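Both of the next two complexes hold subunit A, though its partner changes from subunit B to subunit C.
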Partner chain A sequence: MSGVGGLGDFWLTYQSTVAFVGLNGLLALSVYTTLSCGQLSLAQAGFMALGAYTSALLTLHTSAPFPAVLLAGTLAPALVAVPLGLPVLRLHGVFLAIATIGFGEVVRIFFVNLEATNGALGLVAIPQRAGLAGIYGALAAALFVLWRIRGSRAGYALEAIREDEPAARTMGIDASAYKLSMLVLGAAFAGLAGALDAHFSFMVAPASYSFGRVVDMLVYAVVGGSAAFYGPVVGAAFLTLLPEVLREIGGRLGLEPGPLRLFVNGLVLLLVVLFLPNGLVSLPRRVRRYVAGRRAEAHAP
Partner chain B sequence: MLLSLADVRRTFGGLRAVDGVAFEVAEGEVHGLIGPNGAGKTTLLNLVSGLIRPTGGEIRLGSRRIDRLPTHRIAALGITRTYQNIRLFPALSAAENVLVGSHLRREDPVWKRMVFWPGCRREEADAAQWALSLLARVGMSERAAERASTLSYGEQRRVEIARALASAPRALLLDEPTAGMNPTEVAAIAGLIREVARSGQSVLLVEHNVKLVMDVCDRITVLNFGKVIADGTPAEVAADPGVIAAYLGSEA
Partner chain C sequence: MGQQIVNGVFLGSIYALFALGYTLVFGVLDILNLAHQAVFMLCAYFALLLVLHLHLPMFLAFPAAVLAGGLLGLGVERVAFRPLRGRADSNVSGLISSIALATVLEALALQIFGPDVERFPFGIVPDRTLHLGDAVVSELQVVIIAIALAMLLALTWVVRWTALGRRIRAVAESPAAARVLGVDVDRVIAASFFVSSALGGAAGVLFGLAFNNVSPDMGRTVELKGLAVIILGGMGSMPGAAIAGFALGLVEVFTVAKLGSSYRDAVAFGILFLVLVLRPRGLLGSRALREA
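Then we have the complex of A and B:
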């Protein structure tokens, strides 16, 4: 009996952590999607906000069924991504990053000042309709889409654009169309995550969609590794679970969990960038190669 | 005429890199483009392939004007190229590079893959086969799976030619395809260029190897300081006093 009770307690304590692993994984994938053709878009928190507000308003003010609400939350930011992307994707590198940060801030400040959604306080008492099944179903769907793109004609076109955009264009690849498509797909993923988040944590508020949020998503993708399509999910899981582990350890050592979390996150990012530039997903191969190297050395006369 | 240039001009600030160039390339013709360093040869290839736009003049493919079209549209109409400073996709394998080159030949809407459409696997196998056949054509089948960045200079140039041929272009632009190659490799490239022309495709060849140009070209255009100073068969061009002066310097 106590065993079952223990598991039940564990579940109660960690259910939201497990949910956030899935949501953060989906958000990391949304950053990865645009990154996969070499574009650093930091508009993702803005897209997430659009998805969250659209879906929350529908649930609070209409009787639309939850799947339709999710669909609306996915499509709204995707539609906004088209007119945003047309001018903005003409920019490259850091200029694109700055322009998309600008978009994210515009969205956030818009909602801070929108009285219909209670300004900075946001919307509360949203019925909890998203569970782990919904969150992980969405994550699986996003992974499936990215997995199927990989290795297709479009997948190779994206890799070519990432490696050398002008050369890709001279192969007949319509780079602008591909970049726009991936921005739209990334926006859809972020919107879906926003809608699920709103219906899991009961509330949406502009403060959740700040610049810091999009930096978190980018860090998940970098730490996990953007060489493989599932890398960002690994990074998100690692960095979402790490604070929980730290809380345990820090508690025993009598350390404040908040500052410790930020310190360790920064340290992890630094270590990965310096020593594992292809992210955590490249770790097994690195270890195998190291072991093989040691073995070869041992066998050398 | 397959490719015709009329009064093509391009300035960079005050520099007239290409200054009123006009010439024509017939179907199945190997057309050489030579001239001293800085004559504007690479700029001209960049103009024809649409990487940069002319300041003035007209470039036509068949009867169609192409000098205002986006780069990928020009490729779709049938012009592909290689680069003087090799621009393979370094993280992709040789075969994958050629697969990217066959983008225009392929049809696989990505939604078909999403629903595991039965024809997809077939199409992908065909595309891979096509890429391998092109690598065989440039003598690179054994290294198909190698990352492009690990190949030697000459090998990279050959893969680049295979990639440019992969879309079955009407005109192939080669920018110094034999730079850094040994004589055996150069001879193989010369044979390949002739073979491409025999199949009806045109080749516009920028090259410093004079022997190769004389051997392989049907016609040659000579550029100096962005202007055409001679145009004709290899024999005519070689005898042209203006060309000799441009290459060796004149005493006058």
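Then we have the complex of A and C:
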């Protein structure tokens, strides 16, 4: 009905949705990276903020080329992750989760109070340098790194640590070093995503790096399935596209898109944790097994 | 000075109530219930609805909301925790499922009540003030502190001296041993959730009255403060949570007075972080938490 304009609008929303699928995939991978050795780190929004602010400040105040800016945005949180991880990774389970929530909040409050970056308003008018190619290139690079780790010596060590850390230590695996490396790698992924996001959506503001943001990332990783390295990306894609579909339906029913997105995120996460502990990527195998079971039943005398 | 102590104790009493709920469930199950903040928020709305639409006086709406909180806690346990019991990773998956449930409840509140802040009608609570030395105390503050202290004492009494308290402590010590000794572990866990969520609901109503602010995201900041409080007090330690709640309230009020309000929240997380790194068992915790 709206002709060419409508089509243009459609492409605009479509394009940014595709970009957010990639960015959220990268963020989900950053949570997965520490989960892969059994550690639940919720500092990821803080790392993302560090990457976003570092890169945005470089672009706004220097003439550094974009790849160098991205590199800086990746390395800054990775460097911060080392002194953070040394004490914090001695904690386990929910204690690690709480300590890293604390870190993320301190980073956010730091930026809220930092005059140099306009406090709570944040930085605006950042030139748009990142496009779909950059975002998906970064996602592919992250997936490649994780794919190479899987099946390597380090990959088996991580799996051993995840299953039983004291046993892994007994086998001579330097669990502390592995856990720290994965925290640093996850911080680098989050920083890279933050830097790309800043140069895609024109702005960075502390409100985007709240506890809710890291919960979103965790939801992607868990819903997709953290047993396989590509699971988090599947989860991110599913949960980023689902609200777009539901927005249409919800609009007709008179539901607000904001609460609807929250509701669906929460509900999907709950159902997956309760009924599909290995995430969406385990669904095909579950279905196959179910079908095979039914067939065997049918053939039984 | 005196004024700040009064304000700190007032804020601290709400933190203490909220955190006690966390710590009760953690002590029993070793699981962090992150849906606690949603119960906190929903109970504040429940009390508000009773006052606005049924025109109930506050002294009836408050206990009704506390009861509703307890019942909601039973639901939370049923939906987010019971199905996971016995799974190897139930600590972390329980944390995640409770986050999920909290998200669902918050979305429902957003849909039903909208994102705007709602207020209790004027005059629903006494607004006279008293003078204590150089400090001005509103009657509301006195009532809130008194209710919080009374609930703290009641909880201590329940846990220390009643049969239910003995069973709760037995399950906290070892669910398997408690089961062997004839304790109905599932019921004890459900009861702990009831008590915990009733406290969380009470904290929600009192918070809503104290700051005259009821909104779908009111639980968010209190949730994170509550985590700081239970870590500071020592996970699973109820006296620790109470002391740490008052301590955090006082520290925050003095931070605002000395450094300005912008660093108030950073203080809580700074403390949280230092405690976890330097003394992970907290003030009164007894267990070696690095093994957890």
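What we mean here is this: the second predicted complex is superposed on the first by the 291 of 301 C-alpha atoms of A that agree within 3 Å, B and C clash if a C-alpha of one lies under 4 Å from a C-alpha of the other, contacts with A are read in each partner's own complex, and residues count from 1 in each chain.
Definition applied: contacts are C-beta pairs under 8 Å (C-beta built on N, C-alpha and C of every residue); 3 or more make two chains touch, one makes a residue touch a chain.
What you are looking at is a predicted structure, and each value in this text was computed from that prediction instead of being measured.
Look at subunit A after the overlay: subunit B and subunit C fit there side by side. Considering which of subunit B and subunit C touches more of subunit A, the answer is C. Look at A:Leu255: by the touch rule set out above, it reaches subunit C but stays clear of subunit B. Contact with subunit C, but none with subunit B, is seen for A:Val273 once the two complexes are overlaid on the shared chain. With subunit A as the corner point and C-alpha centres for all three chains, the angle toward subunit B and subunit C works out to 80 degrees, nearest 10.
In the superposition on chain A, A:Phe263 contacts subunit C only, with no contact to subunit B. In the superposition on chain A, A:Glu244 makes contact with neither subunit B nor subunit C.
In the superposition on chain A, contact is made by A:His92 with subunit C only, not with subunit B. In the superposition on chain A, A:Val106 makes contact with subunit C only, while subunit B stays out of contact range. The least CA distance from subunit B to subunit C in the superposed model is 11 Å.
Across the superposed pair, subunit B and subunit C touch subunit A at no common residue. Those residues of subunit B that touch subunit A in the shared complex are 49-51, 70-72, 74-76, 80-81, 83, 87, 89-92, 96, 99-101, 103-104, 106-108, 110, 113-114, 124, 127, 163, 167.
Of all residues in subunit A, only 40, 87-88, 90-95, 97-99, 101-103, 105-106, 109-110, 112-113, 211-212, 215, 218-219, 222, 255-256, 258-263, 265-267, 269-270, 273-274, 277 touch subunit C in the complex they form.
Listed in rising order, the residues of subunit C touching subunit A in the complex are 31-32, 79-80, 83-84, 87, 91-93, 95-97, 99-108, 110-111, 115, 220, 224, 227-228, 231, 235, 262-263, 265-266, 269-270, 272-273, 276-277, 280, 289-292.
Residues 144-145, 148-149, 151-154, 156-157, 159-160, 163-164, 166-175 of subunit A are the ones touching subunit B in the complex.
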